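Presented sequentially are two complexes of chain A, the first with chain B as partner and the second with chain C.
Here is the complex of A and B:
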């Protein structure tokens, strides 16, 4: 695999053309607020409310570099930034003609070219933007760190378009590696081909397809055997929310109490998606499912979701964490800890898994849904290490957005009335308040 | 146009039949291929002021309907093979405590997770002997949606009449197939209501003291009479007992109340049996293929007939023996390894006449399959 670079992303829909990024860039690079010195420029059409960004893309094959006759422009292999050497530059300005993005331009004050150097991987413009229209994407670090690891899931799974479970399985196995026994009970992960069908299988690890009632028990048996013969194999369960919180709960609870050494991963898509969208113990209040219908008498589920991660904390697991695929670096860090913890006892990770098919939203909004649910404090990201004894937030719930921002993305909440939305907001605030009681290091206030 | 004509799945026909019979409580858990029963009732029961609960598993589902039935409701749960396995302990409890309830098992291929979206009739013996200990059980089945509806109503009637769990053993083809159903007008099919005790409040009520006709009037649990319910052997008050006479008396009662009424409970259909040399015995969706074979071969002069069983347990042995008396060949058509074939062999006088025409590969048995096997069995081109 190649190498990935961090990049500055621009969300045109959030930009209002205030120009603070321009001023800040000029200030950082010239100690004046003269926009001529800025490396970033925003074209703003007030009538059309349209924003265009002129900023160096740090191209993979930069035209400016090949156009430069003096060798003054060089793409840095480590950071990916195209650097300009002012001593070599002959001020021919050919590069400004070669660039199709107005990313390298002539400063009329000095007569020399200016271009973005990404402020040594800490861009000032991003920090200056009040509306988060500019975002510094650091996913490249993840790619560079883990990209070369083998993908233990073959291409061509029969999962639905935009399946989050597939994403979870791929990334989890990439991190945990091939010396793993995977157990996955009947459900979506098994259904999309993880267990295999008609002579083909999608996982490159041994797969144990236990019963819906007892994934944790069957893994416990296998684990004890490996311990006895002294082989260090990771036991990994991909449980759905039904197989974890409902029918499989008894065996999971027993295994946690006995401290069985395994990683139990609950892929929580908030219902029985494999049998056609029925409610489960983790389906949140207000959700439409085929067994919590919406009509005159009923308005979706009337009960709250079972707080599985907290229940597992109370079991005294070695490690418990929540995760979301919108925050992959966070998830990888948690997997690292889970692998270590599983050598001593149970590591439980509860990963939020939006389901475009069952929740009725367009697949392209998958990561958006995974992100906004976290930002709305509906899926707080935290971890618990038994040795420390408290819960630590890994994503600060301090600056949260209203739950409405998330709910409006998802079709299964389409019918909600204001009263129900208010209830969900209150519930989210209460959940954070409850979690705060388990934190020692932080005291975070929510709401007003 | 008749508003009562529907084009629906067999699972929905079963749910509608249950509502017709007076169902007002359903507890269940999703499992292919029975889930549509739960989904349909999740929408329909609240409209009828009934109660739908989705439980956390099949054990809970079965136990919830037992509880609800005791308080005076007509109850149903629906599942498939793996879920039916989980229900077995509580099913035995319902047998022992004599609690009317109806359990639908829309069969899929087993054992274990098996082949969830394909057809099988492999749970016939599980329905009979799935729970431990000597007991009697009632199991009904049907091959088309009109019969699914009618046998579902009948299942509730038998459950109430004999205070027993009744198993409805459908299969994936019947459950998922769509065909016409005419919903009968109220009263068109008789429904049996719960027999409640006439013992007044404040007077001793014996929940397990049969009347002269053998029926046990019930009192809604927790209402006006105080009594105990247990899965232990118990006396007429419902108190646990290890008195040999009581134990012997109870097990005889539990078995006899069903086995002595085999012919009342037996439902079946027959086609051209009077002069048949070859008799096909079938039930559930495979009976559809058997019927097709007979309707094809009869016009060609083959003396072939059909006995379609709708009551599987208690096995209507006398009826089968009588109907098969003059047949040269008795061919049991089913999608398992001969579970009803065995019962037929035990029932008829000359068991060497009994053959099996089956498929056990998850594929529906077709008329062509049956005719191929008939050629082998009979030894000529029928």
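Here is the complex of A and C:
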């Protein structure tokens, strides 16, 4: 079993050199505002608007530790933090010379070295930063909890570079485990070979290939069979947005109304990507697709996307959530709830799934796109539990960035004029206002 | 690595004339596709596992003090290099004669 460590990330482009992290660090560790006592320092060039950070990175192979002649610096194998022992330190300051990141420095007031100890895994500087330039990344916790489990998808699927669907399928199955029957209707997930051909398969769980129209009803039947023989097996659908919101909608709606026990996952890449980037019911306004082209008069899709997750809330599903792969810990937490909810009724998760090939953006920007769309309120993250009866945001929509920040990343929006961007902004604001109306908490239980 | 998958039934007992049931796992060496290769600077890696979280092919392997991609599977999409909070991964073009 391996181990990963939490880390503090610095986004230089968001930093304005306000220095709140520096004073907060000094306040927490020495009860003064004197920056000399701070373990974090920011260099700010006002002319160039450039910020640099000096903070211990808790290196994997720390030079400060090997340079210390007194054994006063030790890397903790459990937390990854390099701890400084003030009783052992002989004040030779060799560590400050060895460190290439100015992560361990001499405090001129005391003459002793100071370094970050990650505030017992709850760093004060990150909480003090008003612009989210400092970020506490906790991906290591997911790795420590789940990383040791076998990937239930074989190595190598024939999906495109930077495919979000592949990322979703691998993480989802790792979390849900082998006692699962998977349905992959026609779409990218089946197309990349997940379902297999001629006796060869790419999933290590039972998997079948329903029609586009009957995914939910076939899974409902399979679950009823397992109920009859007394086995608790999770039913899981990896539907695309076409197979969910358009072609497969009738069977999904019926299964949701009947409260069939399954997890229905809609991997929403906003179009029929597997067959050549045609528009679907969830393609957003303004998008270029091969059936909503851009020309002299045409400016992409003229209609708005179908609010699929809200439609499923209205069906009274046991659990409904939206997710984005950029917020993976949030997604894992939602899968936890979905697995429990699927023992009683339908759990529906709608995953925003940027598609580098169909949306015309470089594959390396996959997670950047998934993150910016959430931050711009175009993909609000929320969950709905039927027993509670309300929608709860899992990512606060309050401090959002302009939609333009997201739109300019994506090639399919390259043609948008200002009027269209304004419309998309207004639509995003209205969506949030609408969702806010569903936040009324009213607990009820069914009569039987 | 903890094994999760188990054989649901004795595959030798499947009659030949039944509808096809897939029992063999396909492995595709997608590393062949790669145009750029991720190279990890071990000095900079702090083992935060961000690359593991976001790698679409989940080919990131743990080493004693760093993570690195399995190059038989890595397609070279560059997500890991873009997301690495300490810029420890750089993408290097694959050369013909390498």
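Definition applied: the second predicted complex is superposed on the first by the 424 of 448 C-alpha atoms of A that agree within 3 Å, B and C clash if a C-alpha of one lies under 4 Å from a C-alpha of the other, contacts with A are read in each partner's own complex, and residues count from 1 in each chain.
In this text, a residue touches a chain if its C-beta (ideal position, glycine included) is under 8 Å from a C-beta of that chain, and two chains touch if they have at least 3 such contacts.
Values in this document were obtained by computation on a predicted structure and should not be read as measured data.
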Touching partner for A:281 - first (chain B), second (chain C), both, neither: first
Chain A: partner with more touched residues, chain B or chain C: C
Touched partner set for A:140, first chain B, second chain C, both or neither: second
First, second, both or neither for A:186, with chain B first and chain C second: first
Touching partner for A:212 - first (chain B), second (chain C), both, neither: first
Partner chain(s) touched by A:150 [first = chain B, second = chain C, both, neither]: second
Partner chain in contact with A:297 - chain B first, chain C second, else both or neither: first
Residues of chain C touching chain A in the complex: 1-6, 8, 20-30, 33, 42-50, 52-59, 62, 65-67, 70, 72-73, 75-79, 81-83, 85-86, 91
Contact footprint of chain B on chain A as seen in their complex: 186, 209, 211-213, 242, 245-247, 249, 272, 275-276, 278-279, 281, 290-293, 295, 297-298
Chain B residues within the chain A interface of the complex: 29-32, 35, 38-39, 42-43, 46-47, 52, 54, 56-58, 82, 86, 112-113, 116
Chain C partner contacts - residues on chain A that touch it in the complex: 2-10, 57-61, 80, 135, 137, 139-140, 142-144, 147-159, 161-164, 166-167, 170-171, 177-178, 193, 196, 198-202, 204-207, 325, 328, 356, 362-368
